[in-house]
Amino acid sequence: MKILALVGSPRREGNTDLLVEQILRGSRTSGHNAEKLFLYDYTISLCVDCRECKKGDYVCCVNDEMQKIYPRMEEADLIIFGTPVYWYCPSAKMKLLVDRMRPFVANGKLRGKRAVVVAPSAEGAKACGPLVEMFRLCFGYLGMEFVGEVLVKAYERGEVAENRGEMERAYEFGALL
Amino acid sequence: MKILALVGSPRREGNTDLLVEQILRGSRTSGHNAEKLFLYDYTISLCVDCRECKKGDYVCCVNDEMQKIYPRMEEADLIIFGTPVYWYCPSAKMKLLVDRMRPFVANGKLRGKRAVVVAPSAEGAKACGPLVEMFRLCFGYLGMEFVGEVLVKAYERGEVAENRGEMERAYEFGALL
Amino acid sequence: MKILALVGSPRREGNTDLLVEQILRGSRTSGHNAEKLFLYDYTISLCVDCRECKKGDYVCCVNDEMQKIYPRMEEADLIIFGTPVYWYCPSAKMKLLVDRMRPFVANGKLRGKRAVVVAPSAEGAKACGPLVEMFRLCFGYLGMEFVGEVLVKAYERGEVAENRGEMERAYEFGALL
Amino acid sequence: MKILALVGSPRREGNTDLLVEQILRGSRTSGHNAEKLFLYDYTISLCVDCRECKKGDYVCCVNDEMQKIYPRMEEADLIIFGTPVYWYCPSAKMKLLVDRMRPFVANGKLRGKRAVVVAPSAEGAKACGPLVEMFRLCFGYLGMEFVGEVLVKAYERGEVAENRGEMERAYEFGALL
């Protein structure tokens, strides 16, 4: 299985990255092919609601680096959406990507794929309500299957590395995908 | 009272703008001073989670056009967050602004101010769960008072203009602020 | 204006009752007529999903003490739903009442009425997501207007009585209804 | 593995029961031991918030038929919470059971067990926000693992029986538990 992890955090080796990396490591032990993209490395413009993606070839006409990400999402069997919790929701960087997922409504290219959410936050799972609910509804709308969430309490930079329990759980979660 | 409306939609005279404008017109009949900003006119960079705003003067060190918006938010007595519903949440443009509100956590400059949410969507109020819940929690976190929401069913460009009932309700809502 | 407060807590002079009482006291200073019912005093049977209320006179055919509450809800201009937060949602007693509100879908007798939610909990507003969202959607479905929520942190029996700030805020909230 | 399904619907062979039954059938093909309880067959009294379950043996002192259900929940490895969606939340009958789960907070007897939610509704997954969020938070609070949800669009009595796709999906979901 091909796994694509999208990381919407501003820093490498931050909590989001560390948790995603554990999942990917675990998944490779089960023979999966896993890659990771840092969204902050890509220029992703705002959706301008032009609705062009509802016609013709069902593609987005905004010509930016999101065009490099679309094909990788289409090739994946499972997509991990990793983001720190900013204001009870995904980071604006992750939301920029989500807003640009509109072509997938009409072209159905994510239908049947599996989805995972990884979201560390200062308060843990109880602060993730709107974020989880947003993704749940999005996945339903796109015909994706929501197969799991990793919601961990972690605030200081990279502190999750010292939380052996959560690190192991993320690894095992990946191994079982 | 000073009212600031922030519009996170890509288009002028779209449904979000029209509803916000009705509220502002109504509010002026009660003698309020109301102004409106289109966020798409401002370059708002991503929060990089540097946490500098938690120290010293509690200001954001990212030097972009958000710096023009901060003082206007601080001067306002009531802030209207107007945004189309994109994927059950605010538009990424609005989320860029929200993510940059972090200095207000430490400096408390929004404490006690009132807040309103305006969010048109294709499905109406029932698609607004995560968006409303996100704002509710954000306002609570910032010590703002959530005084009302205008969640209207409208999808085609500017179609709400023909919905006399909703347009009048928005106007009256503004008059009662 | 006629105000009806429904209290879904097992105890008199508990936090829910105290907050509701403050709102009612405040409301009376503005000349409103306010009454309060303790739902634990009434036998409210389970909705059996018979759907008889969708036909004929649009009334519920379960003959229990809910029949005493229906007319009072119909006479009220504003209904306060007061409940402790049990498991992130209203108490089962309050949910029994809510489930029996089905006749109002077809007969429209709550349409245009105003609604308020009062919900003390051990964790305060951040534990109230599902409860608030449930009521928001219910009110929308019934055509009621959601005019405010009082979500207070209070766990020990009646401890809110000592929280002067919250008690005054509830009183003022009532006075402004 | 021992699976316990709790059905909070008023009717046998209704949509909730049919979906739960499919999951159980599927699970038996994988060798699991699965049983089902109809909550409407049991008298479950209201939690009176006496807090006795926080002391001593951490048991509920209300002597009713919930006492027959506690040991079965404790023996199970996985619990299925099946309920129709009533007003965006579980039925009051299911909520009666949930409110009585308080002893499990102190005695930790559900910790580590897996949980599944089955909830048919007239509008499908998009009407399930508060219900799913309530269960998500409850499971987190109890230390249970939320392993899946079956949210199906079905309103007429037992109509899901004719929806071959959903029936098969439920069966396979059970087989994979």
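Think of it as A, B, C and D in the order they're written, each chain with its own count starting at 1.
Here is the rule we use: contacts are C-beta pairs under 8 Å (C-beta built on N, C-alpha and C of every residue); 3 or more make two chains touch, one makes a residue touch a chain.
This structure is a prediction, so every number in the text was calculated from the model and none was measured.
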Interchain contact steps from subunit B to subunit D (minimum; 1 if touching): 1
Option reproducing the contacts of A-B, where over half of them reappear, out of A-C, C-D or B-D: C-D
Subunit B-subunit C separation of Cα centroids, rounded to whole Å: 29
Multi-chain contact residues (two or more partners), subunit B: 126-127, 129-130, 133, 137
Of all residues in subunit A, those that touch subunit C in their complex: 123, 126-127, 129-130
Subunit A residues within the subunit B interface of the complex: 9-11, 14, 40, 46-49, 84, 86-93, 95-96, 98-99, 101, 127, 129-131, 133-134, 137-138, 141
Residue ranges of subunit A in contact with subunit D within the complex: 125-126, 129, 132-133, 136-137, 140
